[in-house]
Amino acid sequence: MNTYIYIWVSLVMLTGLSVSTAGRNWGRWGLTLALLIAFIKSGLILNYFMHLKDQKKMKWIRWMIPGIFAILVFFIGLTFLDIALR
Amino acid sequence: MPSFYEENGRFRGFWAWIFSTDHKRIGLLYLLSILSFYAIGVLLGFLIRLELIAPGPTIMRPQTYNALFTLHGVIMIFLFVIPGIPAIFGNFFLPIQIGARDVAFPKLNLLSWWIYMGGAALAILSLFTGGGPIDTGWTFYVPYSLRTPVNVPLAVLGVFVLGFSSILTGINMVTTTHQLRAPGMTWFRLPLFVWGIYATAWIQILVTPVVGITLLLTLMERLVGVGIFDPAKGGDPLLYQHLFWIYSHPAVYIMILPAMGIISEILPVFARRTIFGYKAIAFSSLAIAIVGSFVWGHHMFVSGQSDVASVVFSLLTFLVAVPSGVKVFNWVSTLYKGSIEVAPPLLFALTFIFLFAIGGLTGLFQGALATDVHLHDTYWVVGHFHYVIFGGTGFAIFGALHYWFPKMFGRMYHRKIPYIAWGLLFVGFNTLYFPMLLLGWQGMPRRYFDYLPQFHSLQFLSTIGSWILIGGLILMFGNLVHCLFKGEKAESNPWGGATLEWQIPSPPPRENFDEIPLVSKGPYEYR
Amino acid sequence: MIRGLTGLSDEIVQNIFLYIAVISVSILVLITFLMIYFTFRYHRRRNPHPEDIHGNLWLEILWTVIPTLLVLSMFYYGWTGFHALKKVPEGALKVKITARTWSWLFEYENGLKETELTIPIEKPIHLQLTSQDVIHSFYVPAFRVKQDAVPGMTTSLWFRARDLGTYDVLCAEYCGQQHAYMLTKVRVLSEEEFYRWYEEKGKELQMKKPVGVPLGERLFQEKGCMACHSVDGTPRVGPTLKGLFGKTIVVMTEGKERQLKVDEDYLRKSLLEPNADVVKGFPPIMPSQKGVSTEEDITELVRYMKELK
Amino acid sequence: MINDRSMETHRDDLGSTLGMWLFLLSEILLFGGLFLLYAIYRFNYSQSFHLAAESLNRPIGALNTVILLTSSLTMALSLYALKQKQSLRSLCFLLSTILLGLLFLFNKYWEWASKFEHGVYPNATRLLERERGEVLFYGLYYSMTGLHALHVLVGIGLLTAMVYFIRKGKVHHERYLPLENSGLYWHLVDIIWVFLFPLFYLIT
């Protein structure tokens, strides 16, 4: 139970961090940082709130989320081949 | 043991069917509904061909023609070939082949059928409401689909709903394959049909939502004008094409992978030997499913996408041709030193290999960049995909019907008639579609209501082919339907198959297996 | 080796087509022959006892590697050919194409606007395409070239004509009711003939007063109006314009029928907001001229329509 | 694994969990299509996106993020309580999750309404007069947050059903899977917001 609260506190703190670092004109690093924080947050939610970490009997379920992310990156990347080089 | 036809459960008669959670009954529900839509699709195709028998308006007006080819595409793609094999034969046989009593989520399975019917109902309703039948082509390309006054929103919503049904079926099949295999049924003892359905199910889960969101956005574009695809508001119409083909190219594999599975079932049974290269066939299914998801851009070589993208997509396209080739070579080798009986299912399977080979090889011309510039959006493409989808998936469905008919219905069809029907189908098919390849090479664009006089003789020939083909279809289905009621009782294993569905009575009992079987050998070991 | 990868577009496409065709047909014949031969040779009557062969690793490798090499060679030729099709040579004659539902407009560098494409022989032609409404595709089967015209975007292609003559231009991307009739021609003239024609037309343009054809009629052609509206009384996709002015017609306004008398205002409004009052019995599909035609053009068109008795 | 025919006596919990995760995957790709569009338009019109993002109400966005994160916490606690046989406590947490979800929707509604008042809504003449990039930004903003809000609504529906089932005793400490799966759905909706928030509110 305490774990849940700790996770929640870190999630809120990360949100605060994300908000406070925004708009500081770091160019593309600003976006990278914001996305990085978002990934950490979603990792926390997935592993603790959604118990992906404790998925013992079907360990490969854990790989589904990185897998889907890889597919999405491929989709976006290949589309960018068109858009960015048109 | 009473068969699943006799045990009704809570409801009686008609209700016992449409509210049944039994995977076999749901499979038959799909069979009936999908084949009904197929009949409509064939009728529309017949009318299209009739219109094209001579240049100039023949039996209809351009707007009617445009609506007809759109409906032909929508029905054949979304209501027939995409759900076809997974929903009919996957439902009926996948659980039995892995030694399970039902799919993992029987209620969800029934819901999928209802959603399928709901989507179909919306699509049909769209014909008679709003601005009338949709005329955009089954691809719904923007900005045309945003400008045309016909009832695009409802039709698009219908297809969106159908996609939902497809996703749910996919979830069911993946979970069933993972969780419900009988003891001893290891991954490499799975019949190859299961592999085909399994790979397909993953594609259904992973790419259908992409077309879902694309169609939703098109809907929003029509209803409130969000402007994401509309060039008049700054949107990029090519992005629609990207998103559409991210789904719709893999959708071709949703259509063909299960068909390949069926062929891999039929060949060993009638050659009475094990399949050649089991693992090669199984893994090539997965390879096709994975690589096939990243080749969508080959639909856009002349669309104005960047040349670099075209080159990359062309390369990936050629790579995905290899696993399909590997399958064909393994199938042909399966005949080597067999003991072959040319029963109707095998005849259809061999025809599949021939027609699919033509379909696949004509695809190479479109995958090559320079030739595609000429062939894109011509009759070549129409011929190519009919060879793949009708010659491939369609003939696989015919083969599956003749193969599993005695198991599904407990009766045997008339054994001579399928040969005559096959003759008509084969001749009709090639007379119908081969001229299209020639027309395409000569520069006849697709989706044309009318054509220039130099295309007349081939168009005429093609129309004649459609009549022969339809004759074959009527004969074949007539035989099956007649024998559904009048055929002799079938044995439980008329072909001597080694997979689990042949080890239980025909038709199967309600729970498939009295006792869950213990599997100790591969699917095609006859000794 | 393949010849002609740098030549004319139709030769390039033809050569690559042949290359792939030879390989494909060989594979098809091989597969079909083996299939039929095995079926006869190992028919149950001749071979009652089958032999189980589970597979052969070397064969699998062989028929993975060889096809891979074959298709890679096809990819390579396709790519080089494509490169040649895309790389516009120096000194090409530039023509702008505007596609709209359902006609083509060709605009030369001197401002000349034509509905057919006239080009000199042997000279590379660089076409830059765009569309006013939906996606169309410029397709000349004789030269085996094709390129989509996309609204909000400029695409390009080039080709070179080897022979004199007239060739069909077709629309290859489905664009609605009259898609099959969105046709025009490419006229290939000898170089002198072309420049004589080009300069004559250019002079006419400068005089602002074309010889023979009145301005309104020329605009009517140029804007593609004739794709849907006749001037001789036959109804096409849209109503005929013959004798329209002054007539009382029934129109649909926001789903309701009403009658009105055709006057100058109505004609003008029909050009700018065509789908506000649609003549009953016709589909609301006319593209607007707002932002497409100049004020003078519209005045001229209205004047022309008034005179169509 | 042997599947007993009578689903009531033997449940395949692992199967349901797998099925739910597969469903979540397809949900991710449903939004994935929108993220793809976002990535491309942001690349093409990054300047306009910056400008447009400035006009969004960042405090409200941040508040909504915290609200959703908190609702995720109460959701997790509700499941935890149910597993500990404390169904009353579980109910309380569940109800607070629903309330937080409603609060999120209320804020969203308020945010949208104030934009609408300023004439910033799809197809509004005043919006169309602005730059293309801004039109696209708002097109995506309304599509993505709208679809997300729809998911929150569905989630609230699911959780309300769970309240009913827990009260009826159909979902309890031994049969907690329906609550767990609804929870998975709820958390996923939260994760999507975790990405939407920086992409729309923080790119100034």
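Order of writing sets the chain letters: A, B, C and D. Residues in each chain are counted from 1.
Note that in this section a residue touches a chain if its C-beta (ideal position, glycine included) is under 8 Å from a C-beta of that chain, and two chains touch if they have at least 3 such contacts.
Just so it is clear, the model here is predicted, and its values are computed rather than measured.
Q: Work out which chains are contact partners of both subunit A and subunit B.
A: Common contact partners of subunit A and subunit B, which must touch each of the two, are D.
Q: What are the two chains with the most C-beta pairs touching?
A: Looking at every pair of chains, the most contacts join B-C.
Q: Whole-Å distance, subunit C centre to subunit D centre, using C-alpha means?
A: Once rounded, the distance between the two centres reads 46 Å.
Q: Go ahead and note the Å separation of the Cα centroids belonging to subunit A and subunit C.
A: Result: the chain centres lie 46 Å from each other.
Q: How many angstrom between the C-alpha centroids of subunit D and subunit B?
A: Each chain's C-alpha centroid was found; their separation is 35 Å.
Q: Counting only Cα atoms for the centres, state how far subunit B is from subunit C in Å.
A: Their C-alpha centroids are separated by 32 Å.
Q: Among the residues of subunit D, pick out those that touch two or more other chains and give their numbers.
A: 14, 18, 25, 29, 32, 36, 40, 44
Q: Of all the residues in subunit C, which ones touch at least 2 other chains?
A: Correct list: empty.
Q: Spell out, as numbers or ranges, the residues of subunit A touching 2 or more other chains.
A: 68, 71, 75, 79, 83-84 - these are the residues of subunit A that touch more than one other chain.
Q: Output every touching chain pair, sorted by label.
A: Pairwise, the chains that meet the contact rule are A-B, A-D, B-C, B-D.
Q: Mind pulling up the subunit A residues that touch subunit B in the complex?
A: 68, 71, 74-75, 78-79, 81-86
Q: Can you check the complex and tell me which residues of subunit A touch subunit D?
A: Residues 1, 4-5, 7-8, 11-12, 15, 18-19, 22-23, 30-31, 34-35, 37-38, 41-42, 45-46, 48-50, 55, 57-58, 61, 64-65, 68, 71-72, 75-76, 79-80, 83-84 of subunit A touch subunit D in their complex.
Q: For the complex, which residues does subunit B have touching subunit D?
A: Checking each residue of subunit B against subunit D gives 100-102, 104-106, 108, 167, 170-172, 174-175, 178-183, 205-210, 212-214, 216-217, 220, 224-228, 233-236, 239, 242-243, 246, 511, 516.
Q: Which stretch or stretches of subunit C touch subunit B in the complex?
A: On the subunit C side, the touching residues are 12-13, 16-17, 20-21, 24, 27-28, 31-32, 34-35, 38-39, 42-44, 47-56, 59-60, 63-64, 67-68, 71-72, 74-75, 77-82, 84-86, 133-135, 137, 139, 141-142, 144-148, 150-153, 155, 168, 170-181, 183, 283-285.
Q: Could you list, by residue number, the parts of subunit D that touch subunit A in their complex?
A: Per the stated touch rule, the residues are 14, 17-18, 21, 25, 28-29, 32, 35-36, 39-40, 43-44, 58, 62, 65-66, 69-70, 72-73, 75-77, 80, 183-184, 187-188, 190-191, 194-195, 197-199, 201-204.
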